[in-house]
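Each of the next two complexes has chain A plus one more chain, namely chain B in the first and chain C in the second.
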Partner chain A sequence: MTSPATAAPSVPPSLSLPPSQFARLQPHAYLLAHLSPPPAMNQPSVRANGRAASQFRVTSANAGSLTHTNGSAVVRIGDTAAVCGVRAELLHTEDIASWSVSQSSSATNQSNEAGGQGTDAENEVDRAQIEDLNLLVPNLSLSTGCAPGFIPSAPPSALAQSLSHQILSLLHSTRLVKADDLRVWYQPPNLEHIENEMDVDGGSENRHPREIKAFWVLYIDIMIISLAGNAFDAAWASVLAALRDTKLPKAWWDVDNETILCSEDINEAHKLSLRGMPIASSFCVFEADAAAGWRAVVIPDAEEQNAEKQKKKGPQSRWILADPDGYEEGLTMEKACVVVDKENGKTVILKMEKLGGWTIDTEDLRQLVDISAQRWDEMKQILG
Partner chain B sequence: MLKLPLIKLEMNDRRRINGPPGGTRPAVFASHLESSSAADRARRERQPTELRKIFLKTGLIPSASGSSYLEFQPSASLAAARETPKSLIPPSSALKLACTVHGPKPLPRSAAFSPNLVLTTHVKYAPFAARKRKGHIRDASERDLGVHLETALRGAIIAERWPKSGIDLTITILEAEDDRWWADAPDSHDASWGMMNVLAGCITAASAAIADAHIDCLDLVAGGVAALVSDDSGDSSTTSPRLMLDTDPAEHRSIMSACVVAYMPARDEITELWLKGDSSKAALENGDARSAHEALIDGAVDAARGAYSVLGDALRESVLQTIQS
Partner chain C sequence: MVGPTASLSNLHRADGSASYKCPATGFAVLGAVNGPVELPARRDALKPEEATVEVFVKPGNAVPGVGEKYVEGILRDVLSTVILRREKGLPRRGVVITLAIVGGEATERGDSYLTLLPALLHAAQLALISAAIPLPMTLATTLLGVTRSGEIIRDPSPAVAKAATSLHAISFSSKGHLLMNESLGRFDFDTWELVRQQAATICRGAATPGSDGDAAMGGTDNAHVDGFVRETVEDHLHRDYNWKLESI
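After this line comes the complex of A and B, so read on.
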């Protein structure tokens, strides 16, 4: 991947170091030398790992290989590998402390508006049930020996906690899983004729509306088996692939046993119907002189002009690198993450995050969205 | 009437995302309540001395100094169930695990002086590894596995070559073996038999990862399992248990006794021996003067020899690859 010739210009000829050692001793200069080779060399600007700036690593996905899960997937992005398993368990409504209260306010609304006009209200009930009842439980683990820094016996590191939370909030904000897939309904039998016999008055047809007896709770566990940068993209792709693979058994309320029973028949099981296919793409910004921005005096108008000038005149001073590997992540401060989906060929931005610096401007963000849209097409092929 | 305990998994763990505060219940299948028919139970289709195939590959995790991935061949029933899925309940499961080695690295300043290499082992089941959901914090059985694994490896590593340094060995079990067939009621012969297969797999994978990390060893250590099983459906009083190698607990009605060894063929040395259960009732062939537990250990050693050949091939392959590239 890295030829000695590319690293050579920065190394004085008297002192020759193999590229791998130079990469460790002077990582910043090493990457810079790759990205901006001297014009005399007549070489294209590539990253130290041989990729172009907007190129993602080779990605593969494999779903349904784990036995004890409702859905599972292994996703490899370059040397980063994530395994995700989805396990479904039942939450009985009788175990929900506030169920009878919340149900009387929301569920009746819903049953009235189930005729089709109240989609907003339905969406709200959807969101409220999934979020308030904690029906999606993603947890990401880095304590697998995936990288040297993480102690296996220690509690989840700050990175692991943050990634778990990002996945949870993305699951909630994209509303990927429909609450209706997770509900277990029960239609009480119509006992009207018996009641009539017993002479009880006022038996209307709506007397026994069907009720929710339980919810499926999806425990989404992600093990990062190998970490070489960009854990979020890999973890999210594995969650998405595992949820697309997830099958929930047919479940019903059994009156005799007073519990929920499931059918083991695979033909009766239903797949989750997910809303869209959000794909995450992460980027990082490599700066030729990282401290330059901090020294500059910021005068709002002048700064904009200067930036314009710099763009025209000077050599390129920063590169936006797609899908950074571990080496590049260690050299950059500014990071960006864009989550997009496509509906009928139209790109929809579902999440946009940019932190750690100020070099990405509006124009760049627009480009990042375009790159992410291309990545979406690529990932659609991979996930099948 | 069914009584199901509510499972509360680390409810107060604020570093993780917890599920509903009231806890959740695993799904109960309707067919589970009726008496399960014996016809569709998993059966062993291998010969008593025939081992399962092992998939072993080293160096899959580049950020670690050594790594390996191990997978057992799925049993015939599981392979059939994957081919044409009918039921949501898997008939049995096949071991899958990943192992990484970090080090040798200097011990922290606070650690006491050690003239030898300090080996630390961590074994962790993924939450979705077993039929019952596992917690995120290592439980006693996982710690026990770690200790067994450490003793198995300590005898093989030439530890005095790395004074004042340590290695961290971590195993993540993605899929574990069952302790019995899923529909069988727990009985008196019940023990965590699946754990012994897991340990054998851990030993083999760990040995490959240590070799991949270029740490000097006396020999490769391979793990092997043998068990005395009685498979009779009716009265088991007439026939006595038989010796089988590399048993999958899901394929047998009851396991009387099982043994796992860590074995180094070059020195004919056992570094770890773990024997459980009652081996007094076993019937050996006529003319066999060995006692039942000796036969059990010999069987486990034979199984380990089989794993050793896989181990050697996998390492040879990875060495050839590094030479060629």
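After this line comes the complex of A and C, so read on.
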């Protein structure tokens, strides 16, 4: 009887592992073998996922996917996907406890609000209203079963909380949303000609300046539905795309009902006019020497390290990987994040972060800013 | 300008503790370190070959919120690089750092926490030294603000920091590495380079090649932050070994 089952044991068990098992058993060696292939192999240095060191994953964005939000977007960067929905709710100024106090301080510059560039004082009012009245409320959720480490319907993890905060902090510091888009104004009718008939007071000053009756509060909810590394870039891109998509209905103060009414007509709704288009790019540093941490007592001086780098002696010992996936994030400690915008072709840095290691310095950061500027052009096309 | 003040081992129950006060920004932080300790749960989530660093930040007048979680993450990443987590006795253990903000302006929702970072990092580091956690190098942190006119201000007060166009919290190790950079605002790379240069001077003193410490011991006016950390520890050691010095 010669069935295939009896023939199988005669084959000597193979001593080599398939690549997927090698990747699990020796993740560091696996990635290092890809990045620095032996010279005899004559292969280019690529990452385990087939990308070059400064190459980002394929990115796609789709705006307006959710119908019952004011604005929404789905952004997918490789296998990381983020859904963002923006919901607007009205905040009546009479519900703001400190409104009458804060209004008197800001009343001076309400009249000239449509002044193009805007003065410092206006900018300050803009900032104060958005930040102090909490008009932007982002929340990021990872408890969707997006990755094995995150249990669905669990309380928000530390990562989710810090990402939420990072997004809020960046929304505030870039001042992306203009406060004027969120205000609902009311202009009291000019009844002076009627009053003039009754008494002859007749002051030329406008006794009824227009006033703010309500604010739109934007609830920005981000769900990471699939997490394969680099959650911040995907989340931020989805927030940006959703805000660019957001339309607020026309709202006005109805004197007779003493309430705010909104128009159902989509043609009367207005889009948000955002300040610029900040794009985030994240990086991580992969170090060739897996045992470096064991011998950390002999950390070289920064000068020595630079001198060695300039000599270019020996094989490359570290790689700065753009847009790390989950596998690479698990192997690296040092990370960097750059948020850039472009104004008239000039690159403006809005945030630059570097943490968790000691190898990135000025020259590397300069390169990262250049790569981020290229990424900005790429993302501009994707976001449309 | 009035320099910061610090003292070590203020608390008796913790393994190590330190308090740090910066008069320029008004922030005061009390730090406590326990370690190495056995961590009760989450054995599988930890890396077995090194110590886990946990950081807790308590605001002075509020419950810890989302912002504290964020700043805890930054501190953990920075402090992990200066702790020898694989030294004997540390693997599989935990180093727990608790920082209480005891003075200064309350942080607002969505705050970047940049103004607080120097005080938090210095308090944490001094507490780590007080707890005798092995460190390969010390770190020195400074906060710089760039005003609208392009002027670089050291240790801006919260009001000045709010009006600044960009804020930079920069950490250097005692060996000259850039350990942390947190920049927020609107700036270009040339501005950042100037800021980095000034931060290096503030943290490590004037660029003298190969200087690894006590250059500014003579009380010169360009006392740098690295020297301040060193002096604080030296003062503390001097007091601890007073009995020995007396007997000689």
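General remarks:
By definition in this document, the second predicted complex is superposed on the first by the 330 of 384 C-alpha atoms of A that agree within 3 Å, B and C clash if a C-alpha of one lies under 4 Å from a C-alpha of the other, contacts with A are read in each partner's own complex, and residues count from 1 in each chain.
By our rule, a residue touches a chain if its C-beta (ideal position, glycine included) is under 8 Å from a C-beta of that chain, and two chains touch if they have at least 3 such contacts.
Keep in mind it's a predicted model, so treat the numbers as computed, not measured.
When the two structures are aligned on the shared chain, A:S20 is found in touch with neither chain B nor chain C.
By the document's definition of touching, of the two partners only chain B reaches A:L90; chain C does not.
Applying the stated contact rule after C-alpha superposition, one finds that A:N134 touches each of chain B and chain C. Applying the stated contact rule after C-alpha superposition, one finds that A:T67 touches chain B and leaves chain C untouched. Touching more residues of chain A than its counterpart among chain B and chain C is B.
In the superposition on chain A, contact is made by A:H165 with both chain B and chain C. By the touch criterion defined above, A:Q316 reaches neither chain B nor chain C. Contacts of A:C146 after superposition: chain B is touched, whereas chain C is not reached. After overlaying the two complexes on the shared chain, residue contacts for A:K354 are found with chain C alone; chain B is out of touch.
Of the two partner chains, neither chain B nor chain C is touched by A:S100.
Once the two complexes are overlaid on chain A, the chain A residues touched by chain B in the first and by chain C in the second are 134, 161, 164-165, 168. Of all residues in chain C, only 50, 66-67, 69-70, 72-74, 77-78, 80-81, 84-86, 108-112, 136-137, 148, 173, 175-189, 192-193, 196, 209-210, 212 touch chain A in the complex they form. Listed in rising order, the residues of chain A touching chain B in the complex are 66-69, 72, 79, 81, 83, 85-92, 95-97, 133-135, 137-139, 141, 143-148, 151-153, 155-156, 161, 164-165, 168, 217, 219, 221, 223, 225-228, 247, 249, 251, 254, 257, 259-266, 269, 326. Those residues of chain A that touch chain C in the complex are listed here as 120, 131-132, 134, 136, 158-159, 161-162, 164-166, 168-169, 171-173, 293-294, 296-297, 299-303, 305, 333, 335, 346-362, 365-366, 369.
Those residues of chain B whose C-beta lies close enough to touch chain A in the complex are 1-2, 4, 6-7, 15-33, 60-64, 67, 78, 85-90, 93-94, 96, 98-102, 122, 124, 126-131, 133, 136, 138, 168-172, 174-175.
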